[in-house]
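Next up: the structures, one after another.
The following pair of complexes shares a single chain, chain A, combined with chain B in the former and chain C in the latter.
Moving on to the complex of A and B:
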């Protein structure tokens, strides 16, 4: 029985790590610009396919649809991660310039539609380039099950968790300990005052979108060996991650990470009870949390002056 | 200087039009007669089963090639109009109306995903256009809309109910079966299969000790499997598509729990072995309609179309597509026209023998029976060394016709 609970913990943390990473990426743009990228799901799918493409091009092993296990070996997977991060970061900047900045600071929610539209364009382009069929991606550390006190886990799941935790810890340090982090927090707090203090507000906002999009792309690359890469894979992950972010408090990065992990653990835990009730239980719980704490568990209480 | 168009007077234009109208029937007679248009509506790219849809289209095209080489039917050649539904029910419904109303097809083959057939089967029944299923295997697809109503849904393909009956008979006959449990996907395909599993288990006097569900995109089913293990399940009957069955095998590997696995035939899909890997893929036992031990005639057809298939395992769908198209053509020949009601009536009372690639058809359909392939046409299959292979053991050898109840 203990092994069963341990398995739930391991499985929940593995998928929760991805949710947390994407939830954090939502938080980064929200705290700096008060906007969100609703194309984050598509960014995940594009990141995964871009990763497969890089592995295929540099390794030349197997076919594009079924890469040989060796294709992800050596320095190829980190290289793929670097390329995906850079390209998706650039896409994030493009997204900010094309779909966010024209509408920022103006009344209405045009940026919601424009980011959704950007995602649809990106997905359609992806379909034209890669086609809609899912593609297998090998894991850099092989596929053999590892045993932890009776619970089984695959190397990729540990990698997902480890990379997510390292990235999140690094970003936490960046936000709290560096001048850049201070600048980002200042922009989040009050862009006008931050600009008066000599902070390049536009650059900080651009950087936030680049970072957020790069995280989504790397998230896609991390999940692909577990779920196989697909342009449609990101929607479900982004929705769960967004729910986790809302539950934890969108304006609190640590809260978002907590929310992501909590959601992953809840999924695995509820499945142990009645799997078909999983989504119902999770979303009822989120509604309940928001009813009691409208800004999420760790969100700052915002007062809108009317 | 006047241009040429200025020379055309209104009277002259009128005369020309009149002459053209008079000549029109003569022109129509002189040209070859209009083609018989068949439609295909199904997923060719999006879902884990898309490979099967593409294979069916290969089979249909091969049949049309053979038919046209013989001069077609009723002096008319066949043509195929293909619509991809991306496995989405709304798109599939839209395709169905488009094929029937705009493209004027006389019959439709497909779809790939059972749920889509269930979403639109009222349309061909209302518009009285025969549909020949060749991939989707849900039992309800060929059920009439109302008892006694004319039914335009036919099938040359596998049927969930037939598979469930045979798998359940195996579970009942196997002395090592122990307790049985159900694992199903939450899609229309999985849940229709679950209903079949429950009904057939009852008919054969078996009770499931556990009944768990998972989402089609789930990558970790360890929680559900832990419940089966706690319930003491030693034989799991699984109804899902290829990829999730593969993920299920991976989850079994994670917790080191390996009951006997009897699955839907979706395990023959390349998506299954891609997800499961070649070693874990050898565990499930499932049923197909075309044996891996091919007859020389089946082998010749296999060699002919193999270059166009994604995988060896997709061959059976090409066979269904081929045989289904041939049966439609034979029915049109017998009816003497391509009108829906006449073709339906001819299909339900097809004369003579037709040598198909799945089997030889003799009066394959009746008014109440719209399945061309039955329990006797099921072939036990598994994966061995990365390839599909015929499965045989003492239990399979001991199965008798009276064991197939439900």
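Moving on to the complex of A and C:
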């Protein structure tokens, strides 16, 4: 019984780590630009496929659709992560210039539609390049289930959790300790006043979208070995991550991380009990939380000093 | 030092400032007084680069800065302490000051030196340096807003309503600091609703009414001017 709980804990933390990472990526663009990338799900899927492509090209092991386990070994997986981060970062900049900047600050919510449209275009291009079939991505530490106090744990789950935690800790440090992070927080609070400090607000917003998109891509690369890489895999993840962000408070990065982990653990826990109740319980809970705390658990109080 | 030539500023169809010609000489305190909504803040925002000019010219130290974006005017030597203080509430006093020096790209040692200079001017900020700005009193926040602007080492300091919402004792303290800054060679352009205070320290002053400059002169002259006394100094006092 204990082993089962441990198993739920590990897989809940692993998927929760991905939710938290993507939730954070939503928070990064929301706080700095008050807009969100609704193509984040497609970015996750493209990140995963791009990762598979890099592994395939550099290793030459197996076929594209069925990479040999050795394809992800050595420095190849980190290399794939770096490429995915860079390419998706660039894609994020493109998204900002094409789908956000023309509409930001204007009345209406055109950017919602334009980012969704950007995602659909991206997905269609992905389908044209890679085809609709899901492919397997091997984990860099192999796919053999490890025994941890009786619980079966996959190495990738540990890796996902570790990478997510390291990335989030690094971002937290960046935001609180570095000049750039403080500037980002200043832009998040008030772009006009940030400009008065000499901060190039447009550049910070561009950077926020690059960072957010890079996180989505790396998130896809992390999840792919657990499930399998698919251009459609990102939708569900992005939706859960978004829910986690809303639940924790979209404007509070640490709240978003908490919300992501909470959803992951809850999902794993409910699945243990009755798998088909999973989504129902999760979304009922989110609605309940928002009914009581409309700004999320740790969202900004609508109280400012006058 | 700063020369505004026949400046027009508009928010959409609404004319906020019309045909304003204003000059600021180095080493002076120049005050712009006028009623709420006269366009005083808009003028300062335009000088800082936050709102564009609809017409007219703006020169700073002989250089046309009309096309310079706001974030580059700080490095050019202009800093604005905005109306309502606008400190970054969730960041500490120290971080607020560090942001004020953002465009100078200082190393740790120079940054610490620049902060120490502000703490000397505003000793109360030193005591509060590790507190989030939101926990400061209104007067302390105003001091922080001025100190933050000074961190950019401006040659021209723009102050928008520094007395807003503060107790008389604090206001006196702030105005003492403004005159001390002039003694240190910082040129100050001050926008204030409390005309008596502003004119009392100003070398030169302008009265702005519904977007137009209607009077100008030395601070002392305007303080004695019957129209100013009637409109802004509470009649016969």
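A few comments on the model shown:
The criterion applied here is as follows: the second predicted complex is superposed on the first by the 301 of 306 C-alpha atoms of A that agree within 3 Å, B and C clash if a C-alpha of one lies under 4 Å from a C-alpha of the other, contacts with A are read in each partner's own complex, and residues count from 1 in each chain.
The criterion applied here is as follows: a residue touches a chain if its C-beta (ideal position, glycine included) is under 8 Å from a C-beta of that chain, and two chains touch if they have at least 3 such contacts.
Because the structure is predicted, anything quoted here is derived from the model rather than measured.
By the document's definition of touching, of the two partners only chain B reaches A:226; chain C does not. Looking at the shared chain after the overlay, A:192 reaches chain C, while chain B stays out of its contact range.
Measured by the number of chain A residues touched, the leading partner among chain B and chain C is B. After overlaying the two complexes on the shared chain, residue contacts for A:170 are found with neither chain B nor chain C.
Judged by the touch definition given at the top, the superposed model places A:90 against neither chain B nor chain C. After overlaying the two complexes on the shared chain, residue contacts for A:287 are found with neither chain B nor chain C. Using the contact criterion defined above for the overlaid structures, shared-chain residue A:183 touches chain C, although it does not reach chain B.
In the superposition on chain A, contact is made by A:151 with chain B only, not with chain C. On the chain C side of its complex with chain A, the touching residues are 48-50, 69-72, 74-75, 79-80, 82, 86, 88-91, 95, 98-100, 102-104, 134, 138, 141, 148-149, 152, 165. Looking at the complex, you find that chain B touches chain A at residues 45-46, 48, 50, 86, 186, 212-215, 217, 219-224, 226-227, 230, 243, 250, 253-256, 271, 274-275, 277. Within the complex, the chain A residues that touch chain B are 3-4, 7-8, 11, 14-15, 66, 131-134, 136, 143, 145, 151-154, 226-228, 232-233, 236, 268-269, 271-272, 275-276, 278. For chain A in complex with chain C, the residues that touch the partner chain are 179, 182-183, 185-186, 189-190, 192-201, 304-306.
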